[in-house]
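Each of the next two complexes has subunit A plus one other chain: subunit B in the first, subunit C in the second.
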Partner chain A sequence: MNVEEQIREIVARITHVDKSIITRESTFKEIKADSLDIVQALVAVEETFGIEIPDEDAQKFRNFGDFVSYVENRVAQKETV
Partner chain B sequence: MSLEGKLALVTGGGRGIGRAIALKLASQGADIIINFFRRRDTAEQTAKEIEALGVKADVIRANVGDATKIDEMFDAIASKYGRLDILVNNAASGVGRSVMDIDVKAWEWTMDINVRAALLCAQRAAKLMEGRGGKIVSLSSLGSFLVWPTYAVVGVSKAALEALTRYLAIELAPKGICVNAVAASFVETEALKFYFDEAFKKHGMPATPAGRMVMPEDVANVVAFLCSEEAFMIRGQTIIIDGGLSLYSPLFAKEKD
Partner chain C sequence: MVHNGKIRVAVDAMGGDYAPQEVVKGAVLAAQKDDVEIFLVGPIDVLKRELASCKLRNGTSIHIVEADQVIREDESPVDVIRRKPNCSVAVAARMVKSGQADALVSAGSTGAAAISAIQFMGMVDGVYRPALVGSFGSFAPNTVIVDLGANVDCKPHQYLDFAIAGSVYAKRFLGIADPKIALLSTGSEDTKGNDAVRQAHALLKNSGLNFIGNIEGGDILRGKANVIVCDGFVGNVLLKFYESIGDHAKEWTQHKLRRHPPLRALVGLLFDKLFPSTRIAGESERRGGGILWGVDGVVRIAHGASRAPQIANAIESAKEAVRADIVGTMRSELAKFKQGGK
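Coming up: the complex of A and B.
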């Protein structure tokens, strides 16, 4: 499973929405994710990929795609280190 | 009051009230371990300020809402230091909702961080205080017995925290561990903005006889006192820091007119 699919599963599990409705363009509002869901998703993603996502970075995510791209970059950086 | 040579863990010690507590304990000579979760930048900044006071500072990241992470944090402290003298249960979170809107997720999130973490941290800390005594102080809130809008789940968690404080105080007394809590009213921090900044300034300020907001340093001063030997005979209490807000009657407002 690639990074995007793993994050989609995590977000769908936390927000109780069907993962098929989560696209890269979906906003957190459209996924019905409240602030608590978002924090929980961040924590779960951090643990899954062994990265730390500072709040100031997370606040810039406009949609699911931003979240995925950010994590993909961080994972790639980690692999090159 | 001197805390020279003491080692203190302050959960959520990177910012707000926790930061003020960490700095106050450090100013009295204690070495500080700052636990943080979401904001590494502020935790590291606070650690630098602590080191500038001439004591040691350490930062440990852990989500205290997760029991496994608490264990990992204390495993790290045990292997690095092998002891602990002071635990300040300051980390807190919450979901601003009225009672009818609280769901299981919001309840568990708040309870796990505000109450369960205090229990699990106290259990692990008590083992590191074995044979040397120690102090445990938890941060409650006036919302544990006053009713504030959208504060229900946090208020309930703080009431439980105060009850936990009493049980810990008695059961840990034979080990030479003093356990107490502090309960502040609205404290001027970033977190306040999530709740009732404007509402407080409009209605809460006139109802505070002391005439100003409670500052993080006001809370830190009391916590530092409870961590001192001078407070040895205070056990299981929750000290209120509210500038008189909880005693104030609106009837006094008429007198002022």
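Coming up: the complex of A and C.
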């Protein structure tokens, strides 16, 4: 499973929505994720990929696609190191 | 669950308007009973000082567990997860998760306790968020309402969780074998209510639960349903309105009867005798009230303004919830529901 699919699974599990409705363009508001859902998703993604996502970075995510791209970059950076 | 004949309760010693003094005193009061072992969670120095000022009888089972962070009232409860994972309520939640304690009691921020429970203890499989359940007491002794305020904005599937939590409450604390479940709405027809309520109606109708349909506000006290399901916004408004009726009716009649002193005194006495039982929270405190239902462990929320006796009562009701195995019952009810049974 690639990074995007893993994050989609995490977000779907936490928000209790069908993962098929989560597209790269979906905003957290559109999938009815509240602040607790978002923080839980961040923590779960950090634990899954062994990265830290500072709040100031997380605040810049406009949609699910931004979240995925950020994590993909961080994972790639980690693998390079 | 029970360790050496004692129920182990982790107490968030730093939560509450009068913490840690009154929380520690309440814990000491509760620890006078032989069936409980208490873990006071908070900064060691502070708790040692507080305990030193209390009279402890020999053999009292009370211990201190270090938590070096405190969540303040002005902080977002969500901060518990990323910024303050070692605050007292989070440490207490992890003690329940790891099996070091059987229950958590907190008089601190309800949001912080709920978020600690969700994040560090987890939910019973299939449940999204915790709910608060309460019984109406005297006016409708066989009726409970869910949610009383834990979830202000609800997704349709949460109403199903509420129905199951309410059913478990009605079975375990009211002795009702097959509770009738109703959805609180603005009319009895399926099409009444807001979007979430209409979608919830469809889910409940096809759930296999003993769902009798929508009821209106006027039906609540008639006992038509044993479990009334609504979102936490409606539930909390209803709770506070219901609890205010007694005092308001007394004031109103006292004013109306001001020119008839003997009758006024008699009616005043009647109100004092009868109306305290309209307090949902007071009634429920003895029977599963203040419990966060749906969490994978017993979490008992005490009022923020609790003094020592209320803290001791909260510890007592947490013990009752452990003994009643509300978590195991909730889990088995959900499993039955998933299989399509009642």
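General remarks:
The working rule: the second predicted complex is superposed on the first by the 81 of 81 C-alpha atoms of A that agree within 3 Å, B and C clash if a C-alpha of one lies under 4 Å from a C-alpha of the other, contacts with A are read in each partner's own complex, and residues count from 1 in each chain.
Everything below uses one rule, namely that a contact is a pair of C-beta atoms (placed from the backbone, for glycine too) under 8 Å apart; a residue touches a chain by one contact, two chains touch by 3 or more.
Since the model is a prediction, treat every value here as computed from it, not as a measurement.
When the shared chain is aligned, subunit B and subunit C each come close enough to touch A:55. In the superposition on chain A, A:43 makes contact with both subunit B and subunit C. Of the two partner chains, subunit C is the only one that A:32 touches; subunit B does not reach it.
Contacts of subunit A with subunit B, set against its contacts with subunit C after fitting on chain A, overlap at residues 36, 39-40, 43, 55.
Partner subunit C is touched in their complex by these residues of subunit A: 16, 32, 34-36, 39-40, 42-43, 55. Per the touch definition, subunit C reaches subunit A in the complex via residues 76, 78, 81-82, 115, 118-119, 128, 153, 155, 157. Touching subunit B in their complex are the following residues of subunit A: 36, 39-40, 43, 52, 54-56. Taken together, the subunit B residues at the contact with subunit A in this complex read 38-41, 61, 63, 66, 95, 105-106, 109.
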